[in-house]
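To keep things clear, I will list the structure first and then write my remarks on it.
Note that the chains take the letters A, B, C, D and E in the order they are written out, and that residue 1 is the start of every chain.
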């Protein structure tokens, strides 16, 4: 076991403790503080802009009003957020898994890729609104499933596209190496293509995270839900129809907040998975 | 799962109910009151029906849901019914709850607009759907032009921000919101009073349902109409259900909606006063068809009579009140 | 030593890359089982190309390459000219790879891997990632990876070029010992003439563009080769011959004058 | 000049002629034939499915009916396609340029990236429907501009995200090299970061191409007015309102066809730009 | 030759990487202007690290590195251990890069570039992409890139390791000639002891982990160095000394026995 250790040349750090202190510290790090500072600045400018231009709140409410509304209506908005979140997550996970599988299928043979990639594009460029009735009819009256399918369609393509690109970008020498050692298709996939495609896949996830969310919102527009089990889209629409624009902005704020949270999580995941080797995440010392 | 078209069932002797889904055209509101009332007060149940109301929404395509079997009855619209015939879609209107279409145009007060003629050449916010309904009528009858159109997304902001524009609206909805949120009373022009005369908030179903299961249709129509009488009388039970389906709905909006329905005789006017709610006549269908054909929306030779059947309505007020 | 059973036979091999470069022209060569063959030749003459083609990487433009009955590309190990390590895996996992691909369970493979790592002096860096290694250490990891399998044929493309003389010398000895123990067939590309002569049964000198064999020199000296051989006149003679052939090969194609001060004295 | 030639070791090919023959040949190559074959197969299955299940055309029309409708209504659909194309292209080019610039800005400093990336996410996750009124008011009566802005918002994020990833994934040794030769920020960008990010950028473009199109369609749904200068979305909506489902499908077919064409063009562009060096496009010979 | 004006001064330099590896420990070293200094040492001892730090790449953990008044990091050229070519650019454009970065117009730079390409024998591959080159050709392109600027300081990290002896010898001669013409300060990492002694004023022997200087051997022989020097007893003496120091340095740290058959005989 001695061979796995580098202790004598490693500067001693109390590892487990250090790690946790670091993690907590992260919340006070520039990564978090910088966007917050900019956020405050933006809010300030927004507030001043609204005040100075005298734009009426039914067009663009000031941030304070929006936040007040958010706090006041938290009781109805938050459950709606949870439902949207549920749809988003389900669709996102489905898109991640299926996108990865499809990309893997595509890279099994140039023929499959050439033959089916255009159909992935068709899926991407078909307006949900046009096919929503078909989906609803097809799924009978399982509205949740219909919503998830719509959001999934929206989120799928970037994952397929980026992952396929990644799976096709493997280092030539390494692919030779695997060929040499007679790696099976499956082994090449598992030990070479997938790790090499990881940065691209994660990049695709970061794009799709937001799309799954926006897909969930759009899906609710086109598949029509309401009532107790309705998500943020319903809140946005109703607030808009009822000219409760501050409330609409509060709901929008929640949507985008959720989007940013998803993005931040995916970025953290990406950094974690790539920190040991990929240039985009490694901290280089020279 | 209880698709009523499959079996020719009549009110079952053993008391089991026929499951039926009714699709509306929007989030629950006063304009849907009678249907909710019929659910709430058990009128449907008394007619052997277990009715689920499925709300529509801004981009929900109800006809497809109806024809695909996702709903059994659908809240339709006169011009829609005629277009279905043109496209050989076998759906049929079996009752018309609204004698008048609540479609209005709204303008700012004190800008000198009081009639449709005054709006000629002015920018108007209209929804995309208007292009297939009242807009061709306005073009044909009042000389409106396409470059007057501005997109309307059911958000009042753009209208309020610009005194120069007018916009479309729903009688019971936008005018009240404007009054409430912006504090002024807009000019409201009801298109039904200007010669635009489609039935609206109708009950549509597939032709095959009418053919195979007329009894079910009759029961649904009867119960719905009874629901409407009941709602006009005491809306409370229906309103409860509406608020349950659409939590954003408030009592004052519901009250206003009902008041407008009554004030303008949307539900109870014309033949409905004698034949009962839901009444339809051949003449009315024909005159509306003529208007649309004149506007170029429908071909002159369309067999518009297929769009509806009078079989289930016009029973007289007493029939429903008994 | 050699039983004169052909292990790899190249017949009129020609390789032209798509951009038009003719890397090999009409190259014929038979490598016997258990031979230790060194390839020397000017930079860019096609040594790596030959090795890759032998390993079944890439297609021939014409000609053929055949493997002897007792040999197969399956029991092949290859040290690439650049280390070709997977950046996302630790040194340990990189070296483990061929065994993993062969289906060996990790626990069974680990001792072999550790042994190989020890051989190349990377014990302490098993858990390091390639980016944390120096150039020579990467190359050593790559060598260790080639040695963990039990190859019957070992193709090595300048494996020791990036190593200091002492490490190199040690690894030379190790490879030679393993070779004589295990009866490997070795094809070895090197730029070090002395290394080539010291290690091999046979040194093949190539000339450039188009790449071809210009000399095939048998090194008739017994194994194990001792310090004595290294200081012998025979050794010097062989080195000089390889050197001369190489100079000739280069003078033919290259117009730039080759420095003539090249010392004839051997060294590893 | 002799040094630039490799004639004596190059196998002689009549270059200019050969190139053209090859290009024409490409149309008969598997790249084109394979998806066409699959396309025909899909159409066949679709047709059979519709026939056998007896699903009525107002729910799902068969392909022959759709094609007939497409031919019949070509006169109105094609001009609409051109307008949608115009919006799509304008928005796409705007997104490509601005996305690239924003990504460049982001990689100028970790601080900028950290501070502003969340706001790019906000742009991505704001439903167009909700902010369309603001855009319309803001752009007064310029409908075309409003549509382009909406489509641009939809198409922007993948380019920013992928390009940023690419700009951050430059080879460590090369970045050292540039540092060593005291390359200015601008030079590093031009000669190192941009070329290195090219595969990622092009991957982003391929995702955004479809999104710009779908963005143009959605934009027209929410901000379009119809009339003479209306695009495919209007045709889809009207066909849907008029219950002309075959016509709706014909319009959808045009949309997706346009999407596939954009994708194919971007893929060809990508292959052309990367063919000399990037693993995803290079034809390796060993 | 050397005017004894310090070009680069390292004082108590320590470099520990984030993973805890101490690459350099308390390293002090002064390189004079116009000196030709070779660094030799076992694989992984920190030679590349030192070179990078001299070039201003990476941060010191402690200590300092200072450049002489007449020198500056601006007039620096560096040959990296791996070729570090831009894969998207042709060989020509790769070699042109430093001049482009220095703001020279292409037309003015081209003759210089062609000359450098000719020097390394890549004339015919100016329009090739790096992936179309052999390992040695890549390295030569990298050397050409370092030579196109008019550096006053040249840092080279095993530039000739991947080259055949004849090309290597030619380039040795070329570099030596350029050096004496242009009064460069050269720091040269090599694994070839004979090359080190033949080329340098001074050979510095390093030991590994933590990397440090264990010997600093002045090679007192006049330039230009001739064939005579190469066969002289003095040359042999120097080689042996470097060799011994190196062996010592390795034996201290590494427990694996170093082969003692290392021939003392010089060669390039």
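In the analysis below, a residue touches a chain if its C-beta (ideal position, glycine included) is under 8 Å from a C-beta of that chain, and two chains touch if they have at least 3 such contacts.
By chain, UniProt protein names: C, E = Nitrate/sulfonate/bicarbonate ABC transporter ATP-binding protein.
Keep in mind that this is a model prediction, so the values were computed, not measured.
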Joint neighbours (chain B and chain C) are A, D
Touching both chain B and chain D we find A
Min route length, chain touch network, chain A to chain C, equals 1
Between C-D and D-E, more C-beta pairs in contact link D-E
The chain whose C-alpha centroid lies farthest from that of chain C is chain B
Relative to chain E, largest Cα-centroid distance belongs to chain B
Expressed in whole Å, how far the mean CA point of chain A lies from that of chain E is 48
Chain B and chain E have mean C-alpha positions lying a whole-number Å distance apart equal to 87
When centres are defined as mean Cα positions, the distance from chain A to chain B in whole Å is 40
Going by residue number, chain C touches two or more other chains at 17, 19, 21, 52, 57, 82, 118, 128, 131
Multi-partner residues in chain D (2 or more other chains touched) are 6, 9, 59, 129, 133-134, 137, 171-172, 176, 221, 240, 278, 282, 286
Listed in rising order, chain B residues that touch 2 or more other chains are 59, 61, 64, 68, 153, 155, 157, 161
Those chain pairs meeting the touch criterion are A-B, A-C, A-D, A-E, B-D, C-D, C-E, D-E
Residue positions on chain E within touch of chain C in the complex are 17, 19, 21, 40-44, 47-48, 81-82, 118, 121, 128, 132-137, 140, 157-158, 161-170, 172-173, 191-194, 226-227, 230-231, 243, 246-247, 250, 254, 256-259, 261-263, 265-268
In the complex, chain D touches chain B at residues 56, 58-59, 129, 132-134, 136-137, 141, 143, 221-228, 234, 237-238, 240-245
Seen from chain E, its contact residues with chain D in the complex are 52, 55-57, 73-74, 76, 78, 80, 82, 84, 86-89, 92, 97-98, 100-102, 114, 117-118, 123-131, 149
Listed in rising order, the residues of chain A that touch chain D in the complex are 30-31, 34-35, 37-39, 42, 59-60, 110-111, 114-119, 121-122, 124-127, 129-131, 134, 137, 157-158, 161-162, 165, 168-172, 176, 199-200, 203, 206-207, 210-211, 213-214, 217-218, 221, 233, 236-237, 240, 248, 252, 255-256, 258-260, 263-264, 278-280, 282, 284, 286
Touching chain A in the complex, chain E uses residues 16-22, 49, 52-53, 57-59, 131, 209-210
